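Pasting in a structure now, in structure tokens, and then I'll have a few things to ask.
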Amino acid sequence: MSGFSLDAVAAILFIPAAAAILAALPNYRMTAAVNVAASLLTLLAALSLFVTDRPAPGQYLLIDDLNIVFIVLNTFVGFTTSVFSASYIAHELETGRLTAPNLRFYHAMYQIMMFGMNLAFVSNNIGLMWVAVELATLSTVLMVGIYRTHEALEAAWKYFILGSVGIALALFGTILVYMAAQPVVGEGTNAMVWSVLIENAAHFDPALLSVAFIFLLLGYGTKVGLAPLHAWLPDAHAEGPTPISAVLSGLLLNVALYAVLRFKLLLAASPQAIGPGPLMVTMGLTSLIFAAFMLYRRRDIKRLFAYSSIEHMGIIVFAFGMGGPLANFAGLLHMVMHSLTKSAIFFAVGHIAQVKGTQKISEIRGLTESHPGLGWALVIGVVAIAGLPPLGIFMSEFLVVSSTFARHPWLAIPLVFGLLIAFGALLLRLTGLAFGEPRGGMAPVEASYVPIYSHLALVFAAGIYLPAPLVAWFQHVAGILG
Amino acid sequence: MAVILELAIQGAQMFSVLLLAPLLIGFVRKVKARLVRRQGPSVIQPYRDLVRLMRKEVVLADNASWLFRVTPFLIFAATWVAAALVPTFATGLEFSWAADLIVVVALLGSARFFQALAGMDVGTSFGGIGASREVMIASLAEPAMLLIVFSVALVAGATQLSTVAAFMGSPEVGLRVSLGMSLIALVMVAIAENARIPVDNPATHLELTMVHEAMILEYSGRHLAMIELASFIKLLLYMSLISCVFLPWGLDSGGTGPKALAIGAATYLGKLAMLAILLAVFETAVAKMRVFRVPDFLGAALMLALLGTLLLFVSRSL
Amino acid sequence: MNGLTFDIAHLLAGSLVLISFMMLYQDRLFALINIFALHAVVLALSVAWQAYIQDAHHLYITAAIALVFKAIVIPVGLHRIIQRLGIHRDIETAVGIGPTMLAGIGLVTLSMVLMLRVTPEADPLAREDLAFALSIILLGLLVMVTRRNAVSQVVGFMSLENGLVLAATGAKGMPLVVEISVAFSILIAFIVIGVFLFRIRERFDSVDVGALDDYRGERR
Amino acid sequence: MISTVALLLCGPAAFLATAILGAAVSRRTFATRLVYGAAFVISAVLTAIVAGHLAGNSGEASATLPLGLPWTGARFRLDGLSAFFLLVVNLGGAVTSLYALGYGRHESAPHRVLPFYPAFLAGMNLVALANDAFSFLLSWEFMSLASWALVMAHHRDEANRRAGYIYLVMASFGTLALLLAFGLLAGPAGTYAFDAMRTAHPGPLAAGAVLVLMLLGAGSKAGLVPLHAWLPLAHPAAPSHVSALMSGIMTKVAIYGFIRVVFDLLGEPAWWSGIAVLLIGGVTAVLGILHALMEKDLKRLLAYSTIENIGVIFASLGLALAFKANAMPSAAALAFTAALFHVLNHSFFKSLLFFGAGAVLTSTGERDMEKLGGLIHRLPVTSFVFLIGCVSISALPPFNGFASEWLVFQAILRSPELPQWGLKVIVPAVGGMLALSAALAAACFVKAFGIAFLGRARSAAVERAHEVDRWSLAAMAVLAAFCLLAGILPGFAIDALSPVSLSLIGDRMPVQMAEPWLSIVPIAESRSSYNGLLVFAFIAISASLTAFFIHRFASHALRRSIAWGCGFTDAVPAAQYTAVSFAQPIRRVFGGFAFRARETVDMPAPGSLEPARLKVDMHDVAWEIFYQPITGAIDFATERLNHLQFLTIRRYLTLVFLYLVILLLVLALWP
């Protein structure tokens, strides 16, 4: 049985790898289909992890409650995004923004990225995790630059430079962790196996761990997009193909966040080391408030929502930094909800930008009038992302704010402040985009509504009803996160 | 039997109010005339005027609505009921508990409400002037009045006029600064409410200076008669209010036989005469003020009333 | 381990820091690149020495990679690029040399302080190594942020990577995975950078990042 | 007993189903009748159930659904308070739906109204039923969201978009304030069930914080000054029947929230809490009605007068708090009942007035009173019921507005028994404010009715106006009847409210229906009593008798002629007093401090021909003091921070580098 489920893990890894090669094959017409099919298979493999019992943690692979959340979310959004990107890319091909070779490259990279992210989640080895994260990052760098336009290249270059500095810092942090572990658990691979590390973390040298955590926080935090390490994020979202924006916001940020969480656990296990909580709370609040203010003057619709991703990453990091069962639960819930909502928003925005022929907010008006399907999707999405009920994010924000205020009132005030500022900005833009006299292209759009509305439906359902098993599972993970 | 008697007294009071009101006005006018060495019209001239008006036909403006025609009767009824609720020569009347001082004030308020509306109904600018100025005056006079009610009620522990009068008659009132202030405030409010000099000149017909007259400019015949009568009753009402709250002596406390009633009636007439003379003297002594000085006048009343209310807590160590 | 081996390792690591300092005050591109080549050579030496004293033979590969790629291939490549793109030779610095040096000294002290807090149980070599590696990394970053010119930024980045390699090799028995991944990542880094430089060459006349930045997503 | 709550929960469910149905068929012709008809039936049924519960005085009932917060569940509870407010909500909902059956047919964009209208009703019902913080806030914000969508129904108008924006931002500000309040009540463990909060009493500091937060949260929804800025924008922007719901009903739901937390969950209040609420209430009442007086847009005028009435209600609640804190239960019960009774009354006449405004809007297409006039000839029925609404809201006997304000004054007269000097002095002062606002309200509605319905037509639109449809008239007539009934038989309402005050205050007003002649006696007959029925009867009888006698025995001759115009025979309608000129004397009196109003007249030199001009500039002081600085600050901050979007890569690297160094320094200095 365990053998089978190990196969499931293997499938999660190898399907994308294989698909990447397939997609790179000369015949580009197939590639989109391959992409969708592969993503679907990966999702099924991921789901099979529920029914099968888990493999014992090996030197390289590990399945536990924490990462299974991420894996399933990852593969699910990966699948819906592939569905969306099929219709999106087709349109790009018609308009000639992309060529057939681009397409092959794009789909190959897409699968490599999925491979990288899945590997990052299942890896039990901090070195391997690092490799995987970088792999995912670099593949997205290439996709961001795919349009070859001045702006796209500039964005990709910025992403690449900042990203590789992040790479370096994270690697140094990883090395430091190894150095801290090596005297305790002895030399060799064992000193990089996470499940081993967490057991002995108490005996590690606290000073080393502290330095290591700072490097890891900055290194992976760069990819989480925490201010002031965020600079790459808005442009990468704005200039890349929209499916990639969706994946970046929905998934890649989570990957980096997952890495940070793992190391937070490690640090939390070593009492004398510097507390990760205050650091994360600070970075979270900074990002939240900073992004909230940045939302106001955005003129590009995708950049707008990129900043809102920064804002929400801030909230999540804040929640995990607060710790405690309520805040951690809220953090997990918020992360899942944000992935679903934000990717749905980007799906809608992608179609909108295509039909209106522009990403300039000022040139898009009255969507609910001209394109009700997309317009109302955008309204629901923004309402959800702004934390209004009856949608999922409301529940998580409810828990974060109320529990924080009960515990540390002075932390809740800036939190609420940031939330309100961000809300004002988002609603302001939404009012302009969705209402008023329609402006811009009026052509009917053949959008793929299924991914959009399936995400929104999930978010809505979660807002009013969380199934008991999911809750128990979240609570357990929240317990692990301490 | 007792009930019959009570009802009789109640009825007697209502009709005595109705009958006395024009006389009071006539008396005031007479005194004023004499004060300026004029012969002046006879004291019963108001009755004659009313009867004449009743007989005359009504000339109605073309676009006057039903409201315009109903209003006079509403005003009259509201004022009359209000007056009937104020003890004149006897307290503890059959229906006195049907309403208290606040209701009396509010009834006068509704009379004014409809009068202002009627003023705007025809759609001439005079009606507008009158109505807007009237509500401006009222918006200051009414709170002042209510604050007076407060201070009185806080002293007497009731807004029920019979109770108040009974209490004010009792020796335990003593002499209170706050009550003095309330009295002054009440007088000022009464002057404003009855459109007397210096707030408004009941005799003027120069459109730009009139307030009360401007609203009823379009009225004629029986309608005018009703409104005039209502204003007469209003003056009487305020005078009997002052007398029953601040000069409550000789009031018949109810059911104590004809002798007491007679005394009550006599003293009541005496008080009215005195107040009427005071009013006449005051009116001849002062000049009418500009419309936009009126707020200061009433603001003073408001302040006095508020001060009176607040001083209560100082004067008696609650 | 006896004193000599320790001292040699110490000497090599220390000289790496020294060379990083030398990078800080270069104002000519070619000189900078040459210094970097030297940096790479010393790195290769120290890695080799580590391989010898830990007798971990796989580290020789790392040393070789460092020598071949960083000390030879890349400097030559960069010379080429500079000639081909006709970038003028001197580097305009964002911050004056003096302040930069002072900052560098500050950074080195900072890293010393941090590492000396580490409990002495960790073997001394590792501690010293880490201290040096940390200062090299910080100095590399300093080079990146104080130089306006793309090439010099790339150089700064690579010296930073050298610091990483030093640290990694200093860590006893760290699995091969890591070194390979380091080299691997640097390789990818260079491919991509090369690709980008090439594309950028198509569109711009210089690789000056400043010029790249004149379009910043949104015009004001 | 579960069944009652379950039954009541079916209501929102049915509303939501209607909403979905409405969304599905919204573009069909029959959709309007379908949706509003369904809404009417549902609200009517709910009203019946709740009324039965209230009359039967059948105690409490609760239910828990496996929704919402996992470990709390969605809890619902029906007690006296919620039953009363459910009555207000659903009665209003029923009448509004009745009105909308006719009014809704004129809707230009039904597909933007029909789906959200039932959702709005559902939200309000759920708020009144919720029994845990999460469900409460969820329903609360859902209510805001639905009403926002309704405000945005006519989104092509820039002003409406602005209104919707400000509305939702303020709403979510309020929600966050409530969220913090509930956070305090729930404590770190996160016990969000109201039952748990009831038992756990917070410390004085926490209690004070909760009160302030509730004033911010519920107050921003109810429209307390200075949080009222959104209300006069949003309420008129919606279709008129929705305006009626928002102004007449939704503000009451906000008051419900306030009462639920402050009177129920918070336990014993501190005596100063009364002062805060009293003062805010008084100021709100006066400023609200002053703003209303300055308005010339009929619907905005009504919205501002809503603010005034909210002020009255809050002042009365503050009084109740003060009495409750000083263990004077009978007085507290009086004040509390007065507040609730005014809630009921205001929901009647404010809805009625908004219906009237809607009727005027449909028949003339005008909201601006300066373009109306003389409608009493064109819309006889509408103008009659509107007049009744005006009389009631002006607190004139014998209608309901007066009855509740009279009770408030009676409560104020109990103030000497309060021990604290602060309260002793402040309560009468607030009483003065309330009296002032009542008088100004009368002035305001003289203006509203006089300018819009009396006089001569100021625009051609009025000439073409004709009476509205039967549904609308029926709805308005029903409300008018309610206004009169509640005015002449207040005893019924007061006795029906006794269980509420019993459960929250611990005491009740004396039984009123036992009094002779159906008069009401709040404390003792010797002290004060009021009999609306008799007053009404006296006025009616004496008026009609007089009229009869005069027409019978004196003259009944009548001649039509032109109005007296100083010798000018045909004065143009424009020569009439306008809304602005009517308000001018009051502006002269109060404008100085309330609006910093300045009048500048420039007289042309003698002989020159250009007209003299009178220029009045007024300021919305609250807006300038509280809102402009905030927007200015945000603008400044965004401007400054925005530069970070345009840095070079090297500078971004510098940021990273500095951040790293700072963190390392922190670590180096870490003990």
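Order of writing sets the labels: A, B, C and D. Residues in every chain begin at 1.
In this section, a contact is a pair of C-beta atoms (placed from the backbone, for glycine too) under 8 Å apart; a residue touches a chain by one contact, two chains touch by 3 or more.
No experiment lies behind these values; they were computed from the predicted model shown.
A count of C-beta contacts for the chain pairs B-D and A-D puts B-D on top. Look at the CA centroids: the one farthest from the centroid of chain B belongs to C. Centre-to-centre spacing of chain B and chain D amounts to 35 Å, using the average Cα coordinate of each chain. Put simply, the C-alpha centre of chain A and that of chain B have 78 angstrom between them.
Chain A and chain D have CA centres that are 44 Å apart. Distance from the chain A centre to the chain C centre is 31 Å, each centre being the mean of its Cα atoms. With touch defined as above, residues shared between interfaces to two or more other chains in chain A number as follows: 157, 161, 165, 211, 234. Residue positions 645, 647, 649, 653, 656, 660, 664, 667 of chain D each touch two or more of the other chains.
The set of chain B residues touching two or more other chains is empty.
Contact between chains, per the stated criterion, is found for A-C, A-D, B-D, C-D. On the chain D side of its complex with chain B, the touching residues are 373-374, 376-377, 387, 391, 394-397, 402, 406, 409-410, 412-413, 415-416, 421, 424-425, 428-429, 431-432, 435-436, 438-440, 442-443, 446-447, 449-451, 454-456, 517, 519, 525-531, 534-535, 538-540, 542-544, 546-547, 550, 554-555, 557-566, 571, 573, 575-577, 581-586, 588-589. Interface residues of chain D facing chain C in the complex, by the touch rule stated above, are 645-650, 653-654, 656-657, 660-661, 664-665, 667-668. Within the complex formed with chain D, the residues of chain C that make contact are 94, 107, 110-111, 113-114, 117, 138, 141-142, 144-145, 147-148, 153, 209-210, 212-213, 216-218, 220.
Per the touch definition, chain B reaches chain D in the complex via residues 54-63, 65-67, 73-74, 76-78, 80-81, 84, 95, 97-100, 102-103, 106-107, 109-110, 112-113, 116-117, 119-129, 131-133, 135-136, 138-143, 146-147, 150, 153-154, 157-160, 163, 207, 217-218, 221-222, 226, 291-292, 295, 302, 305-306, 309-310, 312-313, 318. Within the complex, the chain A residues that touch chain C are 125, 127-128, 130-131, 134, 138, 141-142, 145, 148, 150-151, 153-157, 160-161, 164-165, 167-168, 171-172, 174-176, 178-180, 182-183, 187-189, 191-192, 205, 207-208, 211, 234-235, 238-239, 298-300, 303.
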